[in-house]
Every structure is written in structure tokens, then in C-alpha cells.
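After this come two complexes, each holding chain A, first together with chain B and then together with chain C.
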Partner chain A sequence: MLRKASSFPEEMLEHVLSFITSDKDRNAVSLVCKSWYEIERWCRKRIFVGNCYAVRPEMVIRRFPELRSVELKGKPHFADFDLVPDGWGGCVYPWIAALATAYPLLEEIKLKRMVVSDESLEVIAKSFKNFKVLVLSSCEGFSTDGLAAVAANCRNLRGLDLRESEVDDPSGQWLSRFPDSFTSLASLNISCLGAEVSFSALERLVGRCPDLKTLRLNHAVPLDKLANLLRGAPQLVELGTGAYSAELQPDVFSNLAGAFSGCKELRSLSGFWNVFPGYLPAVYPVCSGLTSLNLRDANIQGADLIKLVSQCRSLQRLWVLDYIEDIGLEELAACCKDLTELRVFPSDPYGAEPNVSLTERGLVSVSEGCPKLQSVLYFCRQMTNAALVTIAKNSPRMTCFRLCIIEPRAPDYQTLQPLDLGFGAIVENCKDLRRLSLSGLLTDRVFEYIGTYAKKLEMLSVAFAGDSDLGLHHVLSGCEKLCKLEIRDCPFGDNALLANAAKLETMRSLWMSSCSVSFRACKLLGQKMPRLNVEVIDERGPPDLRPENCPVEKLYIYRTIAGPRFDMPGFVWTMNGDSV
Partner chain B sequence: MATSVLGTDRADNYKETELCLGLPGAAVAKNEVETATKATGKRGFAETVDLKLHLQAKDGVMDLNENIKSITSNVKNHLPAVTIKDPAKPPAKAQVVGWPPVRSYRKNVMSQKNAGEEGDQKASTGGSSAAFVKVCMDGAPYLRKGMIDFMNERKLMDLLNSSEYVPSYEDKDGDWMLVGDVPWEMFVNSCKRLRIMKGSEAIGLAPRAMEKCKSRT
Partner chain C sequence: MELQLGLRSLPTYNFIENFDLNNDGFEPKDQMLGSKPWIISCEDGNNMDNKRSSEVAFGKNTGYASRELPLLLWSGQPNDEDDWNGEKKISCSINKNGEEENRVEGWPPINSWRKKVLHHDQDQVRHVMNSSRMAAAGNYENGDGSNSKYVKVKMEGVAITRKIDLRLYNSYQTLTKSLTSMFAKCQNLGNDAARYSLTYQDKDGDWLVAGDVPWQSFMESVQRLKIVRNAG
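So, the complex of A and B:
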């Protein structure tokens, strides 16, 4: 190939590229010129596919022949909240089958919200001799039989992480399938498993893996056995306990406290199902070193909770139930100056009345006391514009702000006004905001603020908000970096969608359910935009049996170079091409 | 200059960017807005334009407190009262699918709730089909707070009938009864806690069931 005298030799460029690992940077490199595209694609090792239907596996394989790590996402985010019917799709098998043939040296597979069969796991277990890391996040469709295949065959496995997945548990014995000669495990997360695992197998496994840094147990591992595990792995950095209660016995307590004291590297704690508060002091020795504490499954309340949290002076991330209350958050704000991420979950999300004293004041305290606060997820039952304005002023570095006021369309409880101004202040002050979830009473005005100010916003979640299509139009026309938009129960219809059709090709996906988009508009969009898959989800039956101006139940639109998908169930209709 | 300009510009831009995809009878943005307003009874965009928020898009933080004060006074003068409860909305506490947005898988894992109340067991959850009851299993070292899916009667009974264990429950009156002796609805409404007993200990529970049925139907 002819080269100008001034260009780099290929080998040098490859060497330089080996230091560039971010997907965005790699993508940018590949666009510089054809030779850079070629060099880059031959040395790319990791790929992230945010929507498994945006591209076919053959296309990925053709372009990137030397991959070692593949990450895929399947179902839309709202599947987490039961809005996507079972059987919608996201089956990973076609990908696994293709990857197995193309990449014998593949080392990592990370999947989120996908349907993973035992057969897929068996293929993974047997196809990749150097397989190292399997992450199944919020996945389903497999049982411990599939896990047994992985345990038995993956001789070099370093990580097995099943976070938040739903696993069928016909046998608790799969852990015993790791051979005695297997010692490479560095990370194990089985917190989602419903049934018991063989404790002796677990103990032996933990004891013989000197690199084990992360161990997240499930609730079935009893507290009196935890000390044994910890003594077998004092090098642990991240621990998820099992059930944290037992009858209070001094020897069990002192054994546990001693075991925790021995874990000098511990930085992250989680688990704590079924807490018996008398055992909490056993973890106090490690609190000062903790950077991450996840108590979202922990029924610790009142003084016990505050005492625990206030000892964790180095905390950067806290996930907790609203048992912490405003008073606990004040204490948090006073003690944990390095806090960057706070998530407060509802202990009683469906209760009619508040069961705890957690209000907007708690979040305001944290924003005042924690200057590094960047990421917030907060469930509460009341909010004011003034509080949001204050939070916005206190936390200009905020990158992720998700507020869930439990009652839909709840106004500012003091002024009875919509919360437009409050959220407006958030988007105006927090110039690096990448993710935002709205709630409460909101008019089109809030969307105008978002379209005007939220120039770095990538993901927006909207529910029970807005007055008209203008709201949607503000967002689609103003948010330049918008990647994912998910909307439910808003009066948004055809006009904004059709007027901004081109915008949809610049985004990963748009979800709209219980809105006012007509079947006619969906068809139009599907026919005119071949690089979008426009899918109507409607469990009432075929949409063409109803008048064309009838709104569809649910709509999922995503950009794709793979064309319409072949695996749609009976309640999903594609609006593309002749099949309409 | 602020919002009113912003508003007008937006409306013009909207028209310009509108793809002429030829929807028959497609209305211009503003008309659509007005129609929407009539339909929902909510404040429309045209009314909000007059608020003159003086949003400063340049550097410097806008004085939000000032704006909030001036807004609230304007609002009282110009706008109709904001209706908080839209009469067309369903009753306030009806269960909405997927709201609040809490992860659905967590309902399936054994979870605990309100552990601080050792004395009383709450069995109501404001409309959802599942309830939290204390479950005690003979032989297990500690109580579990279990979530019983009351919609799944068959699952529960199959599970328990296949073992040597007998499910019994304490009802509102404090009596211990056998599960399955009273109609399912009655059981669901009166169950305060469950105890899974070894079969040998369950003798003598059955007779009370008949009395209960008679007195409550």
C-alpha cells in the first residue's frame, strides 16, 4: 500500500492504540481515515454493544477479528419494572453460537438484561479455553445446571458475577463442580441465588483461591459460618454477607469480630439480610476503611443504622433504605465528606402512608455537607422547588440525578406548584449532568428547561409528566447528546415524534408506553426510517384491527444496521417495510 | 427576552423542522397544544409564556430564589388554580404497574420488611397482591420474614403438601389453624403469621376451622 513519507508505520500506530481503551476514543480513531480504520479494527480487544439488536453478531465478527471481551445489553431498562412482557426477546444464544466459532480465545462475556439459557452457558463453558470472566447482570433463563457447566469446564475462570439475575435452582451442588485443582477465582457474586449452596464446597473454594478479592454471598449463608469464610480469605476487598442474624452468643460474636478484624483490605460491604442488630458491632473494626456500603436489603433502623454509617468516614458510596430518615442523612452529611454516590430506596414503596420520616430535607443536608456528591437516586414522598434549587446550587458536579417522588404528579407540597423550576435549576446548574429521572407534577415547562440546558444529558426517564407534544419536542430538539429516552404515561403524541424522526437515528433507543402515539404514526415512522426498528408492543392483539389513530400500548424504537429482528413474539409488531 | 422569546422561537423552529411526512389533517403545534389543554384541563403552553422567567443563558447562575418569588406571585395573579387531583385520574392509591420503579426481581427473593416491629405483624401492603407475614419453620434456628404471594395458593399448597410438614397459621383472633381448612379468601384476610409444623404436632387444630367458617359466612 502506498504511503506518504510522513505517516507512521503501522506497528507504531498499533502500539499507540494499545493505550487507547475507551470505546469512544477507539471509535473516533477509526473515523480518521481508511488506514487507521483498518489498523484499529485489527487490534480492538473489547467491544460494547448497548443494544444487541442494533447489529448482527456476524457484522461484529467481520469487523473485529481479534476480540477478547464482549459486552451486550438486551431488554429496555423499563423491563426492570415489569413494563416489558415476558418473551419479548433478548436471547443471547445466537450471539454465543457465533462468538464460539469466531473467537476461540475469547476471555470475557458481560451481559445485561438478556435471556441466557443453560445451553448458552454450556457453549461458553466448552468453547473458550482461556475464558476468564462471566458477568450476568439482571439476566434470566438459566439454572444452576448451566453454572455447573461453567464451574466444571472453565479452568482459568477469574470472575463469576450473577448480580441481580433470576436463577432457577434445581440443585445446590453446582459449586462442588469446581475441581480441586481450580484456584484462579478472583471474584464471585452469588447474592441473587435463592437456595443454599453447599457450604463445605464454598469454604474449600474460598480457601484455595488466594486471589479472591470479591465475594458476595447469598442470604442462605448463615452468620455463624461467615467467620470461617473470612478467615479463609483475609485478603478480601469486597464482601457481601449472607443473612446477618443468629441468636446472640458471645463466642459466635467474638469469632466474627475477630474474623472481620483480620480483613485489613476490606473496602466494600453489602448483604445484611435479616439483621440482628446485636451483631452489627462485629463489623465496626472495618468501617473506617470502607469506601462502599450497600444496605439496600438491610432492615437496620434508627440508632443502629446511624451508628453504623457514621463510623464509615471514608465512605464514597452508600446505598441504603429510607430507614435512614432525615436525621440519619444529616449525620451522614456530617461524617462522610468523601461521599460521591447516594441511593435511598423505599422500605415500603406501596404503602399508602409514609412509614418513615424521610423528606426532601435529608437530601438537602447531604448536598450541603458532601461537596463531592455526583450521583443520587432518591425515593421520597414529598419535595419542593426550593429544596431542588438548593440541591442544584450545592452540587454543581452532579452527573446523575434520579428523583422518585412516590405519588405520581405530586406537586411542591408547600406551594402546590409543579416542580418545573426545581428540575430546571438542576439542569441549569449541573452542567455535566448525564442522567436524569423526573417525577412529581411537571408541565411542558420542565422539558423546555431540559432542552435548553441539559446539553450533556445522555439518558432521561420521564413518567406522568408534561402537557403536550411540545414537551417531547423540547427534549428531542434540544438535548444534543441524548442517547436513551424512556417515557411512560405522558400525553406525548405523533407530532413531536414525527418532527424529530431524524434525531432518533442519533440515539440508541426510545421507549414510550401509555402515551398517545398512534398506530398510523408508528407505521409512517417505520416506513420512512429504514435505519430505525420501530416496534409496537401491544398485548391487546394486532394493532391493525383497531382504528389507525388509536394509540399503541407501547413503542420501542432503536437505531440498527441489522434490519428488523426475526425473533419477535406474537405481541410485538415491526413497523418496517412490507411486513406492516 | 427570556422565555417568551424562547417560546416563540421554539414554535417557529418547530414548524421549520417539521418533517412533511404527509399525515392527513396534521395540525400545527400550537393547535395541538390547545387541543391537549382542553382534553386534560391542565395549563397549556400559551398561558405559561407570560411568566417572563428571565432565564439567563449566559454565564453566571440565575437568581433562582428571586425567580421563584416572582413566579409564585405571578402565578397567583394570572393562572387558574392548579388542580392537583385530576378527576379523570384513577383513585389515588390504586396500584400502577411498574410504579414506583423498584426492581421487580426483589419481590421474588425472600425479603424482610418492618423488622423493628417485633410485636405486631403487618399484613397489608396498600393494594399489592403480596403480603409480608412472619414465617416460622420448625427446626430452623431463626424466624424468617417471608413474603407470601397470596395469588399463588396452588404453589404454596403443593410445596407444603409434598413434605412431612404441615402449614398452620395464627389468625386475627390469636387462634392457630391449619392452612387449607378455611376458604382461601378468609385465610388471606385473617392470617397474621405462619408456622410450618411437623405433622405430629398438628393434631387438634382441625376442629376450630368449622366454627370459624360458620361464624363468618
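So, the complex of A and C:
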């Protein structure tokens, strides 16, 4: 490779680059000049592919020959809410097969919303001698047979994290496939597994892995066995309990309390399925040190819940059901001054009537009391512009604000006005806002505010909002950093989309379902924009059997250098020049 | 927004025929579109020109003045060809049990994995609970196989109806203690707690005062609870 005499040695640049790990920085480095591009690509160790269809594995392999860690995402985010029909795609096998040949030294694979077969897991298990970390987040398509292959073959495994994945588990015995000589496990998350795992295998595994810092159990691990596990791993930093109920027996209680007391490093707690409140005091010894508490699956209510939370004075992250109510959030605001992230989930999302007293007041209290609040996910049944304006003023550092008012198109319940002003205040005051989810009654005006003020916004989720294409146009033309846009049930049609076609190439993806985009517009977009895949998803049948101006059911547009994909099911059509 | 209504009659699709997304292929056959294709970029500069040219395209005479202009940029009306009238579109979906749910699909945005797991979990948890023996020992009925008994609790004067799992309690005392703490905080009862009584509806639909029958019988027959103010 040609080098100018004045440039410093490759090795020095490589050494400098070894300290640069952020993808954005690495990408910037690679654009400086050809020689930097070359040096950078040879020493890049980690790659993040936000959309597995944006690039082909061969392209990644060709450019980055020395990868040790690959992270991929598959289905669009709305797949979490059943809006993407089964079989849409996101199958990881082609990637795994390619990676297996190209990177024998690969150490980490992290997948999100992908379809992972047992065969894929077997290939992983057998192809990478130094494999260390497997994260399967919201994945599906595999069973405990695949996990057994990983357990049996990955001698240096450090992390196995199955968060929120759907796993077929015919057998709980896979855990026993970790050989007795296997001691390297540092992180294990099996909270999503439905069936029991062999407890004795689990206990022995936990006991012989001195580096185990994260252990998230599934609900099938009974409470009276938890103490044994804890005594075998007092170095734990993150724990997810199993079921938290048992017959209230003094010896079980004191055993458990003693075990918790011994875990001096514990910083994060989760689990708590089916809580029997009588056992909650067993965790009190560790509460003051907790920075993260996830009670999303815990049916604790009232005073028990408030008492637990108010003891966690160092809390930075709280995930909780709306059983916490306004009153509990007031307490939270008073006690937990370091809180940065709050998520409040609905305990009865489909009930017609509220079953708890959780309103906008709770969130306002938290914004008042917790100056470091940055990330909010809040399900509630009523909201006002005034509350949103107050929250915006109290939390200028907000980076992620997701509000879900359960009734679609609910107005400000006091003034009956749309919530445009409230969300407008959020985007205007929270200048670092990167993620926003809207709900309630909203007109095109809110999108005008978003387009004007939300200059750092990267992800926007919209449902049942807006009046016309103007709304979509404001967002596409105004939000410079927009990366992902997902829209459902909004009156957005062809005009805004076609007028902002080039914008779509600057974004990762756009999802629109139950909107008003016509088949004709989709075809046009697909024909004219070769670097976009325009996927029409329609379970009613081929769109060309209907009039061209008929709106499509669902539309998924993403930029890609891989061209159209060929693994589409019968209800997905890619629009491009030839195939339509 | 009144301006929008005046523009309702303008066509939406005609201009697409002449519309070319691609800068290279742009054919200036429609002079009214101006010298620049008024499509694409997000830079403000271009937008300004685009706004002007679109006004020309639609025969508008108004000069570029303020941020209000975006309303005029478009033909402005909601797309006519759909049935969207700002009305609620509720899709009735039939869930796996064949029950018709008057719910909007995928709303509220709860993780579907969690929904499935919760259903599955209920069964699994019951199985686990069976083997680990329930807290309300002595009240556990082997027969029904269900390990929780949720009943609604309504308090006079309180809008929200709560739900509690009676199997967590083994006596009237523990039950009332828990209810007091649950409701007291909201109502600032304090000493007033003495002025309330706990009543329940039994299997026959009758409302009775709680405490008269043995706990076991109470547990078998209670359907719902109500906390009422004492008279006088």
C-alpha cells in the first residue's frame, strides 16, 4: 500500500484506533482518506448492522476481515406488537453460515428480533472455538436443543442472554450439557424460558463459575431454592429472581434474608413473579445499593410496593407496573434523586375502566423531584397539555420520551384540546431528545413542532395522529437526524412520501401501516429509488389485483446496498423496476 | 386550517404523472414546476424555492411570508381516496380463543411476547405454586387447582375499584390490615378507619358483613368486597 513519507506509521494509527470503539467515530475515521479507510477496516473488531437486509454478509466480510463481534437486528420494531405478520423474514441462518466460514475467531453474536433456528445455534456452537457471548433479544425459532448445543460446545462461553425470546422448551435438561469443567460463565439470562430447568444442574453451574455476575432466572425456579443459589454466588451484581412466592415459613424467610445480606455487590434486581408480600423484606438489606429495579412482572401493590421502592435510594432505573400509582411516584420522587430512567407499564391494558389511580400527576411529580430524569416510558389513561409543558420544563435533559395514553386519540382531559402544545413543549425544551413516541389526540400542528424543534430526534413512533400529509412532510423535511420512523393508523398518503423520497435514503427505515399510501406510489418509489427496498406487506393478496390507488395495508421502506431480498413470504412484495 | 378547506377541490394525483423523483430524469415538461424539481431535500434553502414553485404550480398568488406557508405547500387536503375522516378505526380481531375482541390490533403497544408468556405463565405458575405449597396454607383447596382468587374491592367514595388475591391472606385480620393500608393512603383515613365496615357479596348474590362466618367458609363463598361507611 502506498504511503506518503509524511504520514505516521500504520501501526501507530492502528494503536490510536484501538481506543476508538464507537461505530460513529469509526465510520468517520474511515472517511478521512483511502489509507485511513484501509487501516481502519483491517482493525475494526465490532460491527453493528441495524437492519440485516441493508447489507449482505459477504459485503461485511469483504470490508472487515478481522471482526470479533457482530450485532444484527432483523424485524421492524412494530413486530413487538404483532403488526408484522409471521414469516415476514429476519432469518439469521445465511449470516451465521457466512460468518462461520469467514471468522473462525468470532467471539460475540448479538441478535435482536431475528428468527434463529436450532441449526443456526448448532453452527455457532461448532464453528467458533473462542466463542464468548451470545445475546438473543426478542428472537424466536429455536428450542432448548439449540441451547444444548451451545452449552455442550462453547468451552469459553462467558455470556448467554435470551432476553424476551420465544423459546420452545421441550426439555429443561439443556443446562446439564455444560460440562463439569466449564467455569467461565459470567452472565446467564434465562428469564424468558417457560419450563423448569434442572435445578441441581443450575446450582452446580452457579457454584462453579466464580465470575458469574449476572443471573436472571425464570419463574419456574421456586423461592425456597433461591437462597441456595445466592449462597453459591455472593459476588452477583445482577439478579433476576424466579417466582417470589412460597408458604410463609420463618426458616425459609430467614434463610433467604441471610442469603441476600451476603450479596454485597448486588446492584440490579428483577423477576419477582407472583410476589407474596411477606417475603419482600428479605431483599431490604440490598435495597440501598440497588441502582436498577425491574418490577415489571411483579404484582405487588399499595403500601408493599411503595415501601420497597422508597428504600432504594440509589435507584437510577425503575421499571414498574402502574400499581405504583400517583402516590407511589410521589414517594419515588422524594426518595430517589438519582433516577434517570422510569418505565411504568399497564397492569390492565385492555380494561375499559382504570383499575389504578395513575394519572399525569405521577409523571409530573417524578419530573419535579428527579432532576436527572432522561428516559421515560409511561402508560396512562389521561394527560393534559399543562402537565406535558411542566414535564418539559422540569426535564430539559430528556433524551427518550415515550408516552402511551391508552385510549387512541384521547384529548387533554381538562380542556378537550389536542395535545399538540404539550408535545410541542417537549420537543422545544428537550433539545437532546433522541427518541419520541406520541399518543393522544394530535393534529398536524404537533408534527410542525417536531419538524421545527426536534433536530436531534432519531426515532419517532406515531399512532392515530395527524390530519393530512402535511404532518408527515413536517417530520421528513424537518428532522435532520431522523433514523427510524414508524407510523400506524394515520392519514398520511402519497404526497409527503414522494416529495421526501430522498430523505428516506438518509434513514434506516420507515414503517407505515393502516395509512393511505397507494400501491401506485409504492411502485413509483421503488422504481425511482434503487437504494431503497420498498416492501408492500399485504395479507389481502397481491396488490396488483386491486386498483392502483388503493392504499396498501403495510409498507416497510429501508435503505439498502444489498438490493431486493429473495426470502420474502407470499404476502410481501418488493417494489423495484423489474420485479413489479 | 380554513385555507385547507378552500383547496379541497384541487386534484392530488395529477401532478404525480409529471412527477419525476430522479434529478437526472427530470423532464421540465411542466413549466409551472419551476426550474428545480420541487421534490426532495430537507435543506431549508431548497424548501423555500420549492414552496414558491409549488405555489406557482397550484396558481397561488401569495408571497412567501411566514411559517404558515407549509399549509399552502400542499394541495393540503387529506387524501380523498381513503375513508379516513378522523373517525376511529376499530378493527375487530378474533383472538386465538375465538372470542371477538373489540380491540385495536397491536394497541396499546405491549410487547406481544409478554402477552403470550403471561398467559402461559399463569398456567406454569399454577403448576409451580401447586408444588411449592401456597402461602394461605389451610385455605388451599385441592379441588379447584387454581392458586389465586382475585376479587374486586370497592370502597365507598373511591372511584377506582381494586383487585386483590384473597389467597394471600389467612385471616380476617390480615385481610383488613392489608385493605386498610391499601385504601388509607389514598383516603387519608388514619383514625377514621374505625368508621368503615367490610362487606362482601356471597355466591347467592347477598351482601353480608365480613367476619361472621369462619374464614374458610368466607373464602369459599366470597365473590366481591365492598368497604362501606358506618351509618351514624
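The rule we apply is simple: the second predicted complex is superposed on the first by the 575 of 580 C-alpha atoms of A that agree within 3 Å, B and C clash if a C-alpha of one lies under 4 Å from a C-alpha of the other, contacts with A are read in each partner's own complex, and residues count from 1 in each chain.
In this text, contacts are C-beta pairs under 8 Å (C-beta built on N, C-alpha and C of every residue); 3 or more make two chains touch, one makes a residue touch a chain.
Everything quoted here is computed from the prediction, not taken from an experiment.
In the superposition on chain A, A:411 makes contact with chain B only, while chain C stays out of contact range. In the superposition on chain A, contact of A:566 is made with neither chain B nor chain C.
By the touch criterion defined above, A:19 reaches neither chain B nor chain C.
Once the two complexes are overlaid on the shared chain, A:495 sits against chain B and chain C alike. By the touch criterion defined above, A:327 lies against chain C but remains apart from chain B after alignment on the C-alpha atoms of chain A. When both complexes are aligned on chain A by C-alpha atoms, chain A residues 78, 80-83, 138, 164, 166, 192, 194, 219, 222, 243, 245-247, 273-274, 276, 299, 301-302, 345-346, 349-350, 355, 379, 404, 406, 408-409, 448, 452, 461, 463, 467-470, 473-474, 477, 488, 491, 493-495, 498-502, 520-521, 524, 528 touch chain B in the first and chain C in the second. Here chain A touches chain B in the complex through residues 78, 80-83, 138, 164, 166, 192, 194, 219, 222, 243, 245-247, 273-276, 297, 299, 301-302, 345-352, 355, 379, 385-386, 389, 392-393, 404, 406-409, 411, 415-418, 421, 425, 428-429, 441, 443-445, 448-449, 452, 461, 463, 467-470, 473-474, 477, 488, 491, 493-495, 498-502, 520-521, 524, 528, going by the rule given at the top.
Chain C makes touch with chain A in their complex at residues 1, 4, 12-13, 16, 19-22, 38-42, 47, 67, 70-71, 73-79, 81-82, 84, 86, 88-89, 101, 103-114, 116-117, 120-121, 124-125, 128-129, 131-135, 137, 159-165, 168, 178, 181-182, 185-186.
Considering their complex, residues 78, 80-83, 138, 164-166, 192, 194-196, 219-220, 222-224, 243, 245-248, 273-274, 276-278, 299, 301-303, 306, 327, 345-346, 349-350, 353-357, 379, 404, 406, 408-409, 437, 448, 452, 461, 463, 467-470, 473-474, 476-478, 480, 488-489, 491, 493-496, 498-503, 506, 514, 516, 518, 520-521, 524-525, 528-529, 549-551 of chain A touch chain C. Chain contact summary for the complex, chain B toward chain A: residues 3, 6-7, 10, 13-14, 17-19, 21, 23, 26-27, 29, 32-33, 36-37, 39-40, 42-45, 48, 55, 57, 61-62, 64-65, 67-68, 71-72, 75, 82, 84, 86, 89, 92-93, 95-105, 108-116, 125-128, 141-142, 144-145.
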